[in-house]
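This report refers to the structure that appears directly beneath it.
The first chain written gets the first letter, and so on, giving A, B, C, D, E and F; residue counts start at 1 in each chain.
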Amino acid sequence: MPHRQSTGRGPNVVYTVSVRDHFMIAHSFRGEVFGPAQRLHGATYVVDVAFRRPELDPDGVVVDIGLAAGQLSQVLDGFRYRNLDEDPAFAGENTSTERLAREIFERLAMAIRRGALGEGARGLTSMRVTLRESHVARGSYEGDL
Amino acid sequence: MPHRQSTGRGPNVVYTVSVRDHFMIAHSFRGEVFGPAQRLHGATYVVDVAFRRPELDPDGVVVDIGLAAGQLSQVLDGFRYRNLDEDPAFAGENTSTERLAREIFERLAMAIRRGALGEGARGLTSMRVTLRESHVARGSYEGDL
Amino acid sequence: MPHRQSTGRGPNVVYTVSVRDHFMIAHSFRGEVFGPAQRLHGATYVVDVAFRRPELDPDGVVVDIGLAAGQLSQVLDGFRYRNLDEDPAFAGENTSTERLAREIFERLAMAIRRGALGEGARGLTSMRVTLRESHVARGSYEGDL
Amino acid sequence: MPHRQSTGRGPNVVYTVSVRDHFMIAHSFRGEVFGPAQRLHGATYVVDVAFRRPELDPDGVVVDIGLAAGQLSQVLDGFRYRNLDEDPAFAGENTSTERLAREIFERLAMAIRRGALGEGARGLTSMRVTLRESHVARGSYEGDL
Amino acid sequence: MPHRQSTGRGPNVVYTVSVRDHFMIAHSFRGEVFGPAQRLHGATYVVDVAFRRPELDPDGVVVDIGLAAGQLSQVLDGFRYRNLDEDPAFAGENTSTERLAREIFERLAMAIRRGALGEGARGLTSMRVTLRESHVARGSYEGDL
Amino acid sequence: MPHRQSTGRGPNVVYTVSVRDHFMIAHSFRGEVFGPAQRLHGATYVVDVAFRRPELDPDGVVVDIGLAAGQLSQVLDGFRYRNLDEDPAFAGENTSTERLAREIFERLAMAIRRGALGEGARGLTSMRVTLRESHVARGSYEGDL
């Protein structure tokens, strides 16, 4: 198996691997600031999840990309083709792009903690979830794991 | 003003100009083939409209791009932040991506006929409306004017 | 079920639906014109398949997009993670991007003929297969069905 | 060398290969319709040239992609980092995106005729030149060769 | 109104919202290192502004995206369709992509400080302005607010 | 020559310039976790290198973009159209996307140290190398210089 040799590199080193998927939902926003978006409408969100760590795992990767993509798809299944206004997880909250990014972050973080991305994934140190809602707007949530 | 000189070119010549905008809606599909998309959900559609003609107008363009973008935005205002299941224009029909593309085509074609894109736009000979619903799927409708 | 009403539209009308997938292969080219690409190397191909027809099917769509994406993935499985230099389907031929596009076209055309995309898909009249091999180059093959 | 075997395919078959490059220029437009674009400004144009033909050449490709990219770059050198208002090729004309697309088409067509893309390129039957001027607008010119 | 509940998350949490717009200008560079770009030419810049903060505002968003997009457009109006060589704001400086990114950053930062993005926007902690000048090059400027 | 005046800006300021190129290789992975990717296959990698620093150089830029792009191309020449399984630089290691990103980072860092990007480039403080292997996956490596 590959062996990660030490290299003469500077500090603040980070490796990242990102996978992409998408989901489509209906929702509405509460608050005058949202104007016509207070009406029931919907969105396609193209989701990029970036997994980060300072050292590669014994296979020479950040994370098993197949497990990562599969787990992301499974998390998104919880939202696909749904009206988020009826989802108790968001009761009393606006399902803004950035709020949804945090929800996906937290569900993936939980999956990582319970080992769903493999033992190697326990070495992940941070993650960023980005949702593109159109060709001109996107939101994201990132944090340590 | 610019004068379009004749050039020694072959047949089947076409000039195209495209403008992009987007809109977000809620809807659902009827038919078992649609699976979970039979539930109320939604989508962001990134719309590209291509205007086509064999000769440029006296200003040396296919169409006044400002008028074209403005008219597209106005047509999309008829759909923005709405639940298409309640729109009488689509009563008894599925608002598939390709069906929506045709609706936008027809509304723009009408606007062109009534002069909303300027006199020069009467020289347009065909048009294509493309809707991207995600990073992996899109639909379009095109035809002569 | 949706009913497609006739509309006062011009000739040469076409509806299109496109789906995207990708595959990664190794290969080499024969011919001095290919320079260093005569060595064994590889490529990622991002594939867009556009299905076209002049009328929508009874469900109001060009094709069942789930079946289309599934069938494309199955066709690409025949190439994924392989060395095309060893594939008898291309014996004596260069597996150029445009040649691969034709191969995928023909395998999908066969699948359509044998009903793998549903009965409605028999109304498809043409198809285009596009392979992006980088951010600056792509090849495609299109034709009637 | 690869031999192109005949296949049982339908009519209207076309192979395409596209290459991408870009150039940056200054210019201004004449005509009230252009509003503030009548002032001296500029643009980046990302150029895609699609070469088309119904049969592959003896090497199994549409065109030698290296020669095609090199010739496109050479044509764009005629515009790079220039003020098009001072270019006699466009005297009395607006250098609209679609007009520039035609100019590049014609210069490439001339290069093909004089053999700059190789003997095989004489089998090219049509070409399309697309210029993206922003993330929301583009123009193109296409025609037979 | 939505209430942001505390969640068991790690440190270094950041929410981001980005909006996109573009502008087109003429300019030239001084310095031999710039080669032909010392001539008067121009560029399209596609601008992405990322607004960042560790907590959402009372509406559950990073910033009122309508106000943010409107303010960005207003800042870009100061550059649109202009020859930056004549802009006193850049006297004696090269208007490189990265320098322009800083200028837009500073003008937006001033707008935020004077409340143009709403009271909630005072919680923004950092910002990044990215300018894409072509499909292969971009520059950005980021910093705390 | 341009002079960089001090501005009243907050801390943690960073300027970035990015350039893009690509390369195509063959390789295989060792480890059951890689499934069919254990077979000899290949990939196109679209590479973005972001150069970062807190102050611009005397020319008002992060780095001479021509030298940067040229040096990146030269580093990628070491990989182009090769079978990485035979490259001693990766003996006993998997050439994962993230591992390749580090290799390119280290070769560019060495080039910067020996002055290949000009004297001004010694002010660069960090760098990120991102490799897109498809429309849905990418890997990167970043660190201080």
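In this section, contacts are C-beta pairs under 8 Å (C-beta built on N, C-alpha and C of every residue); 3 or more make two chains touch, one makes a residue touch a chain.
Nothing here was measured: the structure is a model prediction, and the numbers come from that model.
Engineer: Going by the average position of its CA atoms, which chain sits the greatest distance from chain F?
Structural biologist: B
Engineer: State the superposition rotation angle between the two copies chain A and chain B, fitting on C-alpha atoms only and giving a multiple of 5 degrees from 0 to 180.
Structural biologist: In short, 180 degrees.
Engineer: Quick one: point me to the chain whose Cα centre is farthest from that of chain E.
Structural biologist: C
Engineer: For the homomeric pair chain C and chain D, should the interface be classed as same or different, according to whether the shared residue numbers exceed half of all numbers used?
Structural biologist: Under half shared, hence different.
Engineer: Can you compute the centre-to-centre distance for chain B and chain C, using the mean CA position of each chain? Integer Å is fine.
Structural biologist: 25
Engineer: Just the number, please: Cα centre separation of chain B and chain F in whole Å.
Structural biologist: 40
Engineer: Which positions in chain A are in touch with at least two other chains?
Structural biologist: Counting only residues that touch two or more other chains, chain A contributes 20, 135-136.
Engineer: Would you tell me which residues of chain B are touching chain D in their complex?
Structural biologist: Answer in residue numbers: 1-4, 7, 9-21, 56, 59-62, 64-66, 69, 118.
Engineer: Which of the residues in chain B come into contact with chain C in the complex?
Structural biologist: Those residues of chain B that touch chain C are 30-31, 33-35, 92-94, 96-99, 101-102, 106, 109, 126, 130, 135-145.
Engineer: For the complex, which residues does chain F have touching chain C?
Structural biologist: Within the complex, chain F touches chain C at residues 20, 22, 24-27, 36-37, 39-46, 80-83, 133-136.
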